[in-house]
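Several structures are given next for inspection.
Next, two complexes with chain A in common: one pairs it with chain B, the other with chain C.
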Partner chain A sequence: MNTQSTRLDDLMLNDRGFVFDPNTGESYQLSATGLQCLRALQRGATTAAVLAELLETREVDALTARADLDAFLWELNQLGWL
Partner chain B sequence: MHRGDNPQPGGSIVADIRREWPDAEVVGLVYNAYESAIYAADGPQVCHTMPYPTAGLPIYLERLAEVRAATPFDWLIPTLDAEITMLAGATERLAALGIQVRLPSAGLLARCGKAKLPALAESCGVEVPETAVARDLSEAMEHAGRMGYPVFVKGAFYDASLARDAAAVAAAGGAILADWGPPLIIQEPSVGTEFNVMGIGDGDGGLLGYCAVRKLIISDKGKGNGSVVVQDPRLDEITRRVIAHTRWPGPFELEFVRDARDDGYRLIEINPRFPAWVGFPALSGANFSAAAVEWMVSGRCRELPLPEPGTFFLRHQIEVCGRMDQISGLLVQHVG
Partner chain C sequence: MSKQPYIVPAIRRVSQSSANPQRLGRTPVIDVIDGVPVAGLLARFGGPLFVFSEAGLRAKIRDAKRAFAAVYPDVTFAWSYKTNYLDAVCRVFHQEGSMAEVVSGFEYEKARANGVPGARIIFNGPYKTTAELRRAVDEGAMIQVDNRDEVVALARLAAEMDRDLKVGMRVHVDTGTHAVWSKFGFSVEGGEALRMIRWMTENTRLRVCGLHCHVGTFMLDAGAYATAARAVTELALEAEEAGCPPVSYLNLGGGFASRARLHGQYLPPEQATPSFDDYARELSGTIKDCWPQGRTLPKLYLETGRALVDEAGYLLASVVAVKQRTVKDAGAALAAYGKGGAGGALAAYGKGGSVVAAVGGRRNAVVLDAGIQILYTTAWYQPSIYPAAEPRTGVQPTTVYGCLCMNIDVIREEAALPDLRPGDAVVIHPVGAYNITQSMQFISYRPAVVMVGTDGHAHLIRRRETLEDVRGPEVVPGFLSEINGTAGEARVDRQ
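Showing the complex of A and B:
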């Protein structure tokens, strides 16, 4: 089931990783990997699908990718985006 | 009409009216010959000095009659809180002078003033910081001591200072009492981010348009020198609730803090007028000043598109040029 939040949908991103949250007026700078993950989540990808995409496109082992992705998702949760 | 440091909305309102109707005859009413918008290219065609509202309604009306005799005009748009409060109860006397206004009632203004904000907020389910009203410094210090420091010390219309101890309450309160008289408002400070919502109420509980911003740059006087448009459904809903409950007629600005402790919005003030940044949405097609004029005259107004989130403004001061012969007619003080 897709439980994607409106907050995630509303985020404004550009190709340089700049993110503006229209809900709070805050802005953020993402790394290229963070931008890739956030865009995947905006498309409705599951955590497993985002992880699979990372493993396919980045030179990273599964354990490291999973740990980094979990940390990233925790931050997104803290921001109320998920 | 001042647009330099600590700007007022009048200059922007005139500019936006003339942006929409370049041939509009606009008469500027000023308190000081050095109010910068007098000399702006998009400023009023003619200006007259006025006595401060503290001079009292009879003197103010007498001067308005003199101004109208010298430079006829039909509608008056007061843009400062003290003017609006004074004139709200004088619409019939203004009409007798041939001057039309469309203002919130004196009763509504009283309900929405800083001193009455907690009661209003409770009746429409909006949170406000703890607020107490003091008639003098002794009461102010008593309230501050009970709330715990720091506290904001505010005047009924203008000025706000953060006081960290009783001496600071006495100093700030004394200055406000000397300038504006009682009451003093003692308010718990909300720690968080400041948001403002500007708009026009239709007087029947609906919104004709609004623009919500988050302050990005705050001056030492607490003014937003830069803000970005936001779109938060919670803020929209609170705004609609306040405007519906008050059946607000005409321009307004709601000031909020999004409290860092619980992420909840606290309503800090309701201003019965446009803010100084009213010209910002006009730059992207939402001319609130022109819409307010249409609403005043006809009860209807143009559609005001929601400004796009992420659009921001920065206050950009420039110099305007005047000549002393322009100023000479404005240096006369009208003290009755």
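Showing the complex of A and C:
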């Protein structure tokens, strides 16, 4: 079993969407949905599951949510978190 | 369980200076204009949509008249047509007792078509044709002569009619506040204006009975009017001393600032814009000071434009797309909000690790269905942009793009706005001055204009442009009558 924590696990989040990345010392601000998505990802949710959660909890159509989520995941990827 | 509103999942790097962008403060919402819901206006008339408040227009002109009446015995306002010549807007001012101030034959015709008699028109401007001058003379308009060629043309008319003609003379004055508007009229400094008045008296049947000086526009320094008023009052007295007929009126033009915010203006308009009382005090105090004791004060005319109409005008527009835009230094942008200390915020990148500029340097951006082709004043002002409904989030710096396929079409480089989605309406304000008259038919149709009346109803005062409005004046030469074997719907010149 791999016991090493990932960059994603290391992130420290608070309820207001503030994120601290201990690996770089940088801080970030998430929108409310950004926080929701990042938390889901930390729990190990797949992209499909995150999308499903957005659609279940928010007033949004599937295509818009999909487009926005993909852009968001791309940014997290850029940060080396995924 | 009901669902929560949707906002875009987004992440933004927090630099030292930006702190929590949610703390930039709240933007007030404009969801009704004089009691009429913005959403209803857009549903009924479509968007984008200009909206004018009748109550707002009347309140301004009444406040201006009150301020001047309190300190000066004889003041008349003339509505500056070029500032906004929508008939409905002009008629509100005419109902409030304003004359018409026009600067071309076209504007003169528009004022006459509004039922304004010639004698209630002030005819300004550097270009008046002889035919236009003849009509203005016949109808008794107040002509403010701008240049020597116009003096000559008017002198010929007077000779032809074998009568004396009363005219006003436009002059320019160095107020020390900005570059002198020397394009217009004769120079007071150096004596050009005085010489010309004498020349007219001695050589023509033109009688200079008024002096006109419009110092400039958006004068944030009310003191400039004291300088101008002193110069024209002294000129009037000098001319009389030199044997010319007495000057019975002074026209100090327009130029009072509206509550808009200029680019680079540090103080908010609430602090920077002088009140009508401030301007009135400067003008009245100076004229009374310079005028001989015991003699009836000259009549005062004012041609205030933007200060009377700007804030009564709103543009309702809708978000059509939401973007993230890459900015070089997001920290610097935030510093503009007074959060301070942004310089070198991005030096933090030197820490190593995988901080990505692309994420840190992102700013929200929205594209609206209206652009700078109908918002000429964005060249001068930073209009406020308000959400038309309760915001879903706190505000953050947002670039507001217009709808044109032109890179310069930026309505605000950086406005404090909450998260917006396509379809969300925003209200841009103030936009009542010059945008209607200077808007272009470019790329899209010019929008409809409504006036929210004091009767509580919205009235259409200009319908949206149609294809026929644009193509109407066009004629296609016969040799272009067919393309690919079809004639289309062009109006073909059959000669």
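The rule is simple: the second predicted complex is superposed on the first by the 77 of 82 C-alpha atoms of A that agree within 3 Å, B and C clash if a C-alpha of one lies under 4 Å from a C-alpha of the other, contacts with A are read in each partner's own complex, and residues count from 1 in each chain.
Following the convention adopted for this analysis, a residue touches a chain if its C-beta (ideal position, glycine included) is under 8 Å from a C-beta of that chain, and two chains touch if they have at least 3 such contacts.
Computed from a prediction, not measured in an experiment: that's the story for all the values here.
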Margin query: For A:40 in the superposed arrangement: first (chain B), second (chain C), both or neither?
Written below: neither
Item checked: Which of chain B and chain C A:65 touches, first, second, both or neither -> second
Margin query: For A:10, using the defined touch cut-off, is the partner it touches chain B, chain C, both, or neither? Pick first, second, both or neither.
Written below: first
Check: Which touches a greater number of chain A residues, chain B or chain C?
Finding: C
Note to self: For A:51, using the defined touch cut-off, is the partner it touches chain B, chain C, both, or neither? Pick first, second, both or neither.
What the structure shows: neither
Notebook entry, point to check: Touch check for A:30: first (chain B), second (chain C), both, or neither?
Noted result: second
Margin query: With the touch criterion stated at the top, can you tell me which chain A residues are shared between the chain B interface and the chain C interface?
Written below: 23-25
Next item on the list: Please name which positions on chain B make contact with chain A in the complex.
Entry: 193, 195, 213-214, 216, 228-233, 258, 309-310
Next item on the list: Under the touch definition given earlier, write down the residues of chain A that touch chain C in their complex.
Entry: 16, 18-19, 21, 23-34, 36-38, 54, 56-60, 64-65, 68-69, 71-72, 75-76, 78-80
Check: What does chain C use to touch chain A in their complex?
Finding: 3-14, 20-22, 324, 348, 351-356, 358-360, 393, 419
Item checked: Residue ranges of chain A touching chain B (in the complex, touch as defined) -> 6, 10, 12, 20, 22-25
